[in-house]
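Two complexes follow with chain A in common, the first pairing it with chain B and the second with chain C.
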Partner chain A sequence: MSWSGLFSQLLEILVALVLAPLVTGWVNQCRAWLQNKSAPSLLLQYRMLRKLFHKESVVAEHASQLFRTAPYIVFGCMTMASGIVPTLSTDLPLSPAADAIALVGLFAFARVFISLAAMDIGTAFGSLGARREMLIGFLAEPALLMVLFSASLITKSTSLTSIAETLAHREFVIYPSLAFAGVAFTLVSLAENARVPVDNPTTHLELTMIHEALILEYSGRHLALIEWAASLKLFAYSCIGLTLFFPWGMAEVGSPQQLILALPVLVLKLAIGGAILALIETASAKMRIFRVPEFLATAFMLAVIGMLVHFLLGA
Partner chain B sequence: MHAYLIQSINLFAAVLLLLSFGMLSQRRILTLIHLFTLQGATLVAATAVVAYVTNQHHLYYSAALTLVTKVIVIPILLHRLIHRLNVKWDVETLINIPTTMLIGILLVVFAFNLALPIAQLSSSIVHSTLGIALACVLLSFLMMITRAKAVPQVIGFLSMENGLFFAATAATYGMPMVVEFGIAFDVLVGMFILGVFMFQIREQFDSLDIRHLETLKED
Partner chain C sequence: MIFLGQPREEKLARAHDAAWLERAGMLWLVAGCLVLGLFPVQVIEPIGQVTQMLVGHNLADTVRANGWFLLAPMSVERASYAPLVFLVVGAASFYLAIIIVRVLYRGRLRRAVPWDCGYPAGNARMQDTAEGFGQPIRRMFGPFFRMEIKLPSPFDEKPSYGVTIDDHFWHWIYLPIARLTEAVAKQVGRLQQGRIAVYLLYSFVTLIAMLVLVRL
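Let's look at the complex of A and B:
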């Protein structure tokens, strides 16, 4: 492990922590513009986090220790995830710790804890949200794994950093299998990040909530951590997408000076991605919860077809 | 440049398969027709690129023929048909959509395996896409089986013809011109006959559900 590797690793985690609320704010702003509303400030997410950290957190009477520790675990998982996904540099000492499969496991770990915490209080909405979250999770995970496998088959590695390196350095080839994987990944990340066709992040109607129902009982610093973790999850998913499909512009092993250029490139890519996400969210209507398995079955199927096409065409 | 063109044929083939799946999972007739038009357009693009790469001039003609029939005439006819039949709402399927998709995946695996030895016999540069063409044909078959209404069945039939056409292009650089003209004409006439047929079905049963055709005698 070199000093430059350590530096890029720390910088990457720091950038993730700082940029994640900004990405969420940007998506909200774009969405407001597209819906002809006056947009909230880009910094609204930071202000909300500061406000929540200053507030006292109230915990229900029957809450167990699990309820108090879950926000920290979820936040830790998401920070770890954004440290593993290459965003600025592919020279990451943390990346051998977890490959793409373990990364999916990390997301699942966070999901299990947040669901357990929601059921811990024993309110109806908590367990309702937890059940829906698990339903979506268990359908989205295989699809996400298949997407990652399609990229792994091309690059012969399951480590995200070497996938990014191989894809960025190879001469430009059109991969039909990656086209399938890209569509599947978009569907999965919409579902996993509680975005519009599956869940509405701004809803106030308890019966249609999924993510909001899970965190209904949290307040104060616990809520702040969970909101921050949700932003980090969106950030991590966007970065996985960028790594798999647009891996250009990242710094490599042995050339830390490229980090200077890598940051603006990343911001630009995220800004375009966020605008597209807002466009998708505005153009589509929220679907019934019982249509979600169909939506995710489509994603799974597309990812599997991508792999099959890879075997057939060799590309 | 040449290599990219060959890769783009593979990409077009993949898009054809994607659109076949899209049609299989689609509930609305109107979107189904849009997807069908898109599939026709992809087929035109793929054929034109194959024609350019292999320098086969007759493929340009067949691409133009596909453009006129599949992308312009038939979608217009279908639009007018559903407008006059007034059926824009959801299509009901016999099997639910996730199950249909899983069966679709199995069909794709089957088609790819089936086409592998055949494709190796072919000397065409795009022979590996034969599996995709075969999969498109089988998926259209599946769509015809799982749909209860007459209009989606007709679209399934037309999309099957798209798959067959692509198979011919992939394996042997297209069929003889006479055969292609014959098929194009057949499809058009078939379209007219099926259109008339649908009006008859609806007049007789007040619905386009072809299950009514199973009872032969009036009660």
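Let's look at the complex of A and C:
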């Protein structure tokens, strides 16, 4: 572990913490423009976090310690996840400690805690949300793993930094297996980040809620942490996508000066990705909860086809 | 069965946790998970001897070569996992969240009734059960099972809900075989009339048949 590695690792976590609400704000802004609305400020997310942190927390009477600890755990998991995914540099000391499979486990860990916290109160909405979250989670996870395996079959590694390095150094070719995996990953990340068509992050209708039903009882600083964690999750997922499919422009081992250029490249890539996400969300309608399994089964199938294509064509 | 939540019956309000000795029984399982999760390299060594005997290959040597805290089954470039580093960094990010909240914002906390969505008469009987929790997944895999669901009508005096889950294979494979065996057994059972005269007749017929066979 070198000092430059440690520096890029810390810088990456810091950039994730700062940039994540901005990405969410940007997606919201694009959505508003596409819906012919006047868009909120790009900084609205920061203001909302600040407001929530300053407010008092209202906790349900029956809530146990688990309910109050869960936001910290979820936030911690998402912070760590954005430290594992290479965003600015592939010189990350944390990378050998946790590969892509551990990353999926980390997301699952956060999911279990947020669901437990939702059930802790004992109201119908909490367990409704927990139930639906688990339904989506157990379908999305294998699909995500298959996507990651497709990439790791090409690069012969499950470590995200090695995947990024290997893919970035090859000459530009479109891998057919990665093309399938890319579509599968888009579907999975829509479901995992509670976006339309699986869930609507701005919904106020309790009956259609998934993620919002989970966090219905949270307020004040706990809600701020959860919202921040949700932004971090979107950020981490976007960066996994960028690592697997557009890994160019990252700093590498032995050249920390590239970090200066890596940040604007990352911001540009995220801006384009966020605009595309907003476009997908605006163009599609929210589907019924029992259509979601079909949606995610399609993702799983596409990812498996990607792997099969790799074995058939060797690319 | 309810996961967390509030007691659904009056007598359950006085329910208490099991004694500490009973709970300590669980600790063994927890400890097993922790050891497996945090020290996989050390666990793989004894298991490696088993795989050596079964398939003639042992993972322990490659795993041990990378040090005691890094699990890399083939090589560090292929796949690696350092559970202790993972735990330490995870704990550090958890405390980062606490520091952000506790140091920057010393927020107050107030207890209130949970959100009832405009229906204050909700009680503990209305909360979800384990049945409800598994329902979406069960419904998704519905075609794989033979389910009979008994739904109460809205006018039932004492509504009851029941569901029985059966295996398709039980009806498609095992039950036909069982029925066939039973039918054959029933035919065989006809031979056993339970009268000594009939049995003597069987012996007699067998004897004659054998004699005829030997003679031929």
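By definition in this document, the second predicted complex is superposed on the first by the 315 of 315 C-alpha atoms of A that agree within 3 Å, B and C clash if a C-alpha of one lies under 4 Å from a C-alpha of the other, contacts with A are read in each partner's own complex, and residues count from 1 in each chain.
Note that in this section a residue touches a chain if its C-beta (ideal position, glycine included) is under 8 Å from a C-beta of that chain, and two chains touch if they have at least 3 such contacts.
Worth saying up front: this structure is predicted, and the values here are computed from it rather than measured.
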| item | value |
| --- | --- |
| Chain touching more of chain A, residue-wise (chain B, chain C) | C |
| First (chain B), second (chain C), both or neither touched by A:154 | neither |
| Touching partner for A:293 - first (chain B), second (chain C), both, neither | both |
| Contacts of A:58 with chain B and chain C, given as first, second, both or neither | second |
| Partner chain(s) touched by A:83 [first = chain B, second = chain C, both, neither] | second |
| Which superposed partner A:72 touches (first chain B, second chain C, both, neither) | second |
| Which superposed partner A:114 touches (first chain B, second chain C, both, neither) | neither |
| Partner chain(s) touched by A:277 [first = chain B, second = chain C, both, neither] | neither |
| Partner chain(s) touched by A:48 [first = chain B, second = chain C, both, neither] | neither |
| Which of chain B and chain C A:301 touches, first, second, both or neither | first |
| Contact residues of chain A, present in both the chain B and the chain C interface | 293 |
| Chain B - residues contacting chain A, complex | 4, 7-8, 10-11, 13-15, 17-18, 21, 25, 96-98, 101-102, 104-105, 108-109, 112, 116, 128-129, 131-132 |
| Sites on chain C touched by chain A in the complex | 2-6, 70, 72, 76-82, 85-86, 89-91, 93-98, 101, 104-105, 107-117, 122, 124, 126-128, 132-133, 135-137, 139-140 |
| Residues on chain A engaged by chain B in the complex (per definition of touch) | 173-174, 176-177, 179-180, 183, 293-294, 297-298, 301-302, 304-305, 308-309, 311-315 |
| Residue numbers on chain A that touch chain C, as the complex places them | 53-64, 66, 71-73, 75-77, 79-80, 83, 94, 96-99, 101-102, 106, 116, 119-125, 127-128, 130-132, 134-135, 138, 156-159, 162, 206, 216-217, 220-221, 225, 289-290, 293 |
